[in-house]
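Below are two complexes that have chain A in common, paired first with chain B and then with chain C.
Showing the complex of A and B:
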């Protein structure tokens, strides 16, 4: 019973950490819009945290470039396991219109493993919330398989 | 110790942290409703602690785990003391030890935010502990004894003898519940200048234990506040809820103050009011 409560808790309490990895702020604004009374993601137990040691889900917006790749990797490494990564927007998924730029490495998945991709320029808040739900479904599958 | 006292102490050990968890849930739901949101389920704090418990992460320092466990033991001990009808002043000192252990654990961390939060935690202790102690002295003087049972058995509500205690106790509740404007050490709402302050370096299972210790602390503080109207269990519950609701409303309508304002203005004013009430009791 205690074990099943712990597994339920992991799905019901996703704490998000949002990292702007060089976004134009379009996707950032849409991500923060999820926390407003209109969308109220706290209904699902979501809290926006500023500390990777407390985070379960890393939400990344923007492209990865030569300078911030180390920071992104550092943040990811500081998060406790199990953890999810969500790449938001065209830039986060693939580098978007900046993918050919000389300093740009590409999407988030060039540096850390990504669980869910959210397309869009910018991505809609509904799509971002759906990505969290899909990611938690994936986590639930992993937890069930580890029985 | 007779069997009745033992069962009361056991109930305090188990039920007090659970009650603190429910209080945290009520707090989050009421806060969300005040902000025109639906808010999380009532049991969300329990899910959060369950989640933190199952996380795997290396501690920032091996000392932290030890300090967290000492803090939890001290917080639970203060619950047990109060539930068994023990000395309220002793309960207060044990709880102060718990807060000190949290600060010591944070000092062991490597993050500058953690260290800054720990220093602010000590400032908080310096600010609210004298007020809380004088409040307990007033309660004991008005009720005729330091043990919780005699305070709860006092004739009539103590509030009418201790009106100047209310601002002081609201101040203590705001600080202990980590609410604005005195959420200085832990920065409960994220994205502030100290990240998560004293909690920054605690993670995973240690953080879960710390949350349980916090719930136990909240129960003790609200319980002591409810002594102001301890004519029956329902009246005590309502008094505790009034203090909780006041803290939630103040949290939602006020910005955070600096530690200088807390230590230099609010703490002396509330301390003077509480001391005046104590002097009045002696002169009466």
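Showing the complex of A and C:
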């Protein structure tokens, strides 16, 4: 019974962790703006947490570079399964304008598997919220399949 | 008691961006703080050899998403100086309008994050609610909320019509009233003062010697602001740097609070002085020679060194950003603090790591 409760709450009230992985801050502040009064995703039960061990959804902004690839992988590994990864912005999807820069590896899918890609430079808060909704649909499918 | 080393970051709830500090503690007191950078380094300056000087505007805007317009302003001024052209008066005034709107939203953003760093979440939410009004202004006048891309070499690409000017002024009246309604909370509230007054004191001499920039410098009593250089349209606007003398976290937040009101005033002045005219001059020639330009970002002085060689590609772009200048003062004020005060003091320099590492 406890298991089914967890499964329901994971979809109904996802806990989200944001990691800035070499972004220009544009997407970061838009992600934060989602949590503040005008967009306010907290009314849907989404909570921003600081600890990857508490998180269901990992929201990553920015490109992966030589140095933070290991950290991104660590954070991903620390999250409990099933987990969802959302790549935000052109940089998160493919490297964006920085894809030819010497220190940049590319999109975050070079390091960890990504479930939802959000285009835009920077992505709008509406697009980010839509991505979380789409991602939760996917998570629900995974949870139902594992029953 | 033996010394303990606590890693702070790179992923930490209070930090929107990754920076790593190794904090050496004795009991609860910080003895030493060693910053480690490089988590957001993209190698952006190297892209100058792969993109022509017009395409570089889009790249330098993405040095920092919060003050993007001011980065491209600094870059365009440098290229214009190399080419020997000057943006028309209307374009220079419009540049002031958008750069001050950026400063306003950046300061509101920071005040919110600062409130969040000592757990005052309702103040954080209030400030970000006000900030959304400023973002609406950006979006309606330029087409994008954060990275507005208004600057081109020789001027700006977007104009404001009469209705937009009126609407901006009306909105700013409401924004100013909302900011003023929070003044007593930000400056006088007991809980805020307990966490900020006397915490992380940087003396005037130390701030000057360690090369602090922006509100960090002005919070310690040094009246230095790059807008005194009268770049863009600032030569025609009444402007005095905001200075506080206490040098603690409270002084820094007060400087930023007063500057946000000052920005509203500057936007109004610039809008009043908007006269009909061209938006951009025709660009001829290729950039050649070396140039250094400086502008005032929300976080302090931003310096661009540009070197052209007569082709469409620049030979070198070097960017010195304010947070980079503020890290040595930060490392100097952390020792002696309680561990619980570290997030507040780190936030008080308004760290923009993506600027710092580029």
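Things worth noting here:
The rule we apply is simple: the second predicted complex is superposed on the first by the 141 of 147 C-alpha atoms of A that agree within 3 Å, B and C clash if a C-alpha of one lies under 4 Å from a C-alpha of the other, contacts with A are read in each partner's own complex, and residues count from 1 in each chain.
The criterion applied here is as follows: a residue touches a chain if its C-beta (ideal position, glycine included) is under 8 Å from a C-beta of that chain, and two chains touch if they have at least 3 such contacts.
Keep in mind the model is a prediction, meaning the values are calculated, not measured.
By the document's definition of touching, of the two partners only chain C reaches A:23; chain B does not. Shared-chain residue A:68: touches chain C; no touch with chain B.
In the superposition on chain A, no contact is made by A:128 with either chain B or chain C. Shared-chain residue A:50: touches chain B and chain C both. In the superposition on chain A, A:81 contacts chain B only, with no contact to chain C.
Contact with neither chain B nor chain C is seen for A:108 once the two complexes are overlaid on the shared chain.
Of the two partner chains placed by the overlay, only chain B lies in contact with A:6; chain C stays clear of it.
Chain A is touched at more residues by one of its partners, and among chain B and chain C that partner is C. Overlap of the chain B and chain C interfaces on chain A comprises residues 37, 49-51.
Considering their complex, residues 18-30, 32-33, 36-38, 49-52, 62-63, 65, 67-68, 71, 75, 96-98, 100-104, 121-122, 124 of chain A touch chain C.
Those residues of chain C lying in contact with chain A across their complex are 10-14, 16-18, 38-44, 46-47, 50, 58-59, 62-66, 68, 109, 112, 124-125, 128-129, 132, 135, 145-147, 352, 354.
On the chain A side of its complex with chain B, the touching residues are 5-10, 12-13, 15, 37, 40, 42-45, 47-51, 53-54, 56, 79-82.
Of all residues in chain B, only 28, 32, 35-41, 44, 46-51, 53-57, 60, 190-192, 195-196, 199-204, 207 touch chain A in the complex they form.
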